[in-house]
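Every chain is named by a letter (A, B and C) in the order it is written, and numbering of its residues begins at 1.
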Amino acid sequence: MDVQAVKTQSLARYKEERDWFALLAEAAKQMPTSEGELQVKLLEILLDSKQTVVDCVENDKPFIGGYFCNAPELFHAMDLPWFMLMETPFLAASAPYLLNDIEGAEEMGMGTDLCTAIRLPIYYIENGLMPVPTALLGLLYPCDGAPMLHQVIEHNKVWKDVPIYACDPPYTSDERAVQYFAEELSRMVEFLEKHTGKTLDVDRLKQVCEESNRTYSLWQDYNELRRSVPSPHGWAIGGAQAFAISQCFVAGDPRCSAWFEQLCKCAEERVAAGKGASDQEGWKEKIRLFWFDIMPYGWIFEYMPWLESEWGATIVMDMFGNFPYTLIDTSSRETMLHDLAKRNLLDAPMIRQARGTAENFSNDIRRIVTDYKIDCVIWPGHMGHKDGSATIGIMRDTCRELGVPFLHIGLDLFDKRYTSIDEVKDKTSDFFRGMGLA
Amino acid sequence: METRIDSEAFDRFREVTSSIGNSEIEAWKQAGGKVVGYFCSTVPEELFTAAGLYPFRMRGTGSTSTELSDGCFSNINCSYPRHTMNQALLGEYDFLDGLVCINSCDHVRRIYDNWTVRLDTPFVKVMSLPRKIGPPQIDWYYEEINLLRSDIQEHFGVEITDEDLWKAIKLHNEVRALQKKVYEYRKLDAPPISGAEALPVMVAGTAMPKERYKILLQQFLGDLEKLEGSSDYRVRLMIVGGELDDPEFMQVIEEQGGLVVTDSTCFGTRLMWRPIDESVADPVRALASYYIYDRPSCPRMYGDQSRRIDYTKELAKEFRVDGIIGERLIFCDQWLVEHYMTNADLKEDGIPFLQLDREYILSGKGQLRTRVQAFIETIEGMRS
Amino acid sequence: MIVGGLDIGSATGKAVVIKDGNVVGASVLCSTARPVETADLVMNEAIRQAGLSSIDHLDKVVCTGYGRLSIPFAEENLSEISCHARGAHWLVPSIRTVVDIGGQDCKVISVSEKGTVLDFKMNDRCAAGTGRFFEAMARALCCGLDGISSLDNQGDEPCTISNQCSVFAESEVVTLVNEGIDLANIIAGINLSVASRLSSMARRVGIVNEVTLTGGCSKNEGLAQALAKKLGIELRQLPQDPQIAGALGAAIFAGERLEASDDGTS
């Protein structure tokens, strides 16, 4: 396949995905609640970001591809539109073509022992289904799949000429590690300046970081509200979306803070009225759950509402809704790079747990179980999260020490064929019953 | 395993690699010596030698179950750390005075976390190995090595001078040169040593003190010199992959008529094909450059695939290989994707490639035989 | 020249006798616990068909299949992969892809114009997509293998069988039965799930026309239909029992080897 063919084909696919979100946005508009309004706003921001990429491809404007958690404030301040390499599994896992794409990956020899969030982008790159950006940013953690995905990109004949810079987070978590990662980010900025023609203006970065601080502080406030019993929100709003909006689309953008403001307002009203996540749907919160991973995007609608309606189980906190708040000191370029490094190395979900030694698996369980009055912890055991699956003993011990039950399921967050939904439900039900939670 | 090699040194190599504990360790400990285990070939073992410690590369040899380690890992984890951890929980590694882990891959790096919780080895450290291979990463690893150096000095009450380090580097380089000589024999039309026989020779180098190993290796080379070669094979094969310490796996391949003449594995050529640069001023700098950039890398090192495939092709040519087998431990993301790229690259050059997934402890021999036999028949079919 | 080919598989033993380029004997028997015994029984039956009285009358025997290493009267052994390719290609020289579904493994083989193997893929160590899998499913459905394979039993709305593991798939099927799902749709679902797996393997090798099925499970018409649909092509039928393709290939190799050695000596 030549560059032109890839350009045409990937653009068509990208538009198809954009239209899929447009469809979802239309559906969300039918929801009369303020939470529905928030969903719509999120989808509109997402659509806007997709449309911008389409515009860049069509009009040969610079744009970049990127991973998650490599300090998006930096390229936002450089006014560089971007898309995320794992956008489809993370955001469009309910799209009609997803299961076919997984089969396509399997036909390439990428079976179920390679993370679906990695094999899908590999499939897209190798089959010309991903827009070819001006430059590409990678990140070499949280898992072994990440560097392999980036290496396939370098190896691909069409992508070979796309300049790529991958940040290399160290394995340790002390000040020396933060310094090193800040230097990695600084080299990333140099790389972007060289290959996109854009520059990083310190004042602009300052503006973005200040806005980003505001966002994260609102997020902090919001998460305080989720401590209430019953929790004002569950799986449907405020967890994964909070991450998507703050890290993936509009980092350090007033639209982002505005969204969080509204989110807080919604939650405040519910807390004041003593309302639980979905009181209007007629169920009561009985089990407060910590879902310690990303959401099962491939079959979220088939499982999460069931948790609520069948068991009164609220996902009070999940891995991506939980982002410890580190203020960015905006006094200079150096302080900003340093604190962005710190945030993206030590705070950013999944990177925070899976990038280094395992203590944050237990630290987070301890903190969240206590702060959010959690009744039980579920480690879904996604087939790609191998380091986490090598930490189940440690997690189980922590839960035992805290006196909360722990469930490890074993599934694919994106592909419901790996472990069928019925099986996941059976395991969950047995767990709730067996542990006396129901 | 039957062998034609008549050599006391070879018998010794086979003995020390057939189980975890061995008589060399016993002797060393009786003399008051300390033993430090380490995972992965990217840990600079020269540091241990320089500190007067016995470096021991961690294996799960002889394991028959993962019963005890199943509580730490789950069923999507690699069998190598699971068996190795199980052996440790069984007490097979009680001889260790220290352990150095590293973030080599998602499975093995968690050994550190589980080990510190479940076992009471007095000195357990984890190194932070970068994934890139540029100058900033060499700088980072330089510091890592120096940090480990001070930790060792403090814990074991020894001093590691630059002179000690240079001495160790020289010794390890001499060993590398001798190991390369063993491989030289494998280039012959009628090699005196098979792949299944060469593997324990290499593994032994990670299971006994280097000084002692060097002497035995010299003796072994003398014995090899006298041995008549064998051209009783159908095709010449190369193995590319990761943690492979099991001669039986090689033997099954060779029983089908495919003589394994070379490899790119981390118990094989990647350990010794290139020496550490002895011309720089700072020995730690020499080690950092070597482990990050100079030695042939494995797929966990990002941005180095083109050098890796070049290395594979270079060796294939040098050893006149007819086909390449890409072995991989099930659940390894890194080798799965690497072999995918290797397959594409070798196809362009018309070099036959077979991917073999395996468990750390050999199982499913019947399928393995069929695959290898069919691969050999395919290669032969191409010739005619 | 009379030569024999043996294919001692995990579920069945197959034997073929070729005399002067024609198949004069072919038999299939269930495997016994001992490969040598299976080989003896099945070869004697083929020999009887060929009108011969003893294995000694064969000029050369080549053996393939799981039991290939332990048969005393076979001078040589070859992998099933080469033999199935050779056998299918001999029957229909335009065959370029062979999908062999045996008792405990399945393979997709890419075949050259000459009938040699260009590339192959083989399933993992589990029973998914093999005869064992179908046996387990037939057990769960109490319908026998014929019930699964009959074209009359393939429902229009195949159920999703998500588990590839035969043990889990068996309980999945039991659940479906208990839910009162139409048997035909369960059967179609089972065949579709195996067809998907085979199609995925086939795409990894590359599908080049013409494609044929060999091995015991090739007799499963429901599976053949589902696979043809998945691959989007018509499968080519072999003019002889596709289950003996491996043994046939082995016999052809025996003949070729014999000719080559005769040429060498004369």
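Just so we're on the same page, contacts are C-beta pairs under 8 Å (C-beta built on N, C-alpha and C of every residue); 3 or more make two chains touch, one makes a residue touch a chain.
Computed from a predicted structure; not experimentally measured.
Setting subunit B aside while every other chain stays in place, the touching chains still form one piece.
Relative to the C-alpha centre of subunit C, the farthest chain centre belongs to A. Across every pairing of chains, the maximum count of C-beta contacts belongs to A-B. One inter-chain figure worth recording: subunit A and subunit B are separated by 37 Å, centre to centre, where each centre is the mean of the chain's CA atoms. If you average the CA atoms of subunit B and of subunit C, the two centres end up 40 Å from each other.
A straight line joining the Cα centres of subunit A and subunit C is 47 Å long. Under the contact definition stated at the top, not a single residue of subunit B touches 2 or more other chains.
Contacts with at least two other chains are made by residues 108-109 of subunit A. Interface of subunit C with subunit A (complex): residues 160, 162-163, 172, 175, 196, 199-200, 203-204.
By the touch criterion stated above, subunit C contacts subunit B in their complex at residues 66, 69, 77-82, 105, 112, 114, 116-120, 122, 124-125.
Those residues of subunit B lying in contact with subunit A across their complex are 71-78, 81, 103, 105-107, 109-110, 112-114, 117-118, 126-132, 136-137, 140, 143, 299-300, 302-303, 305-306, 330-334, 336-338, 340-341, 344, 355.
Those residues of subunit A that touch subunit B in the complex are listed here as 108-110, 113-115, 118, 122, 138, 140-141, 143-145, 147-152, 154-155, 166, 168, 170-172, 176-177, 180, 183-184, 187, 354, 356-359, 381, 383-384, 386-387, 389-394, 396-397, 408, 410.
By the touch criterion stated above, subunit B contacts subunit C in their complex at residues 357, 363-364, 366-367, 369-371, 373-374, 377-378, 381-382, 384.
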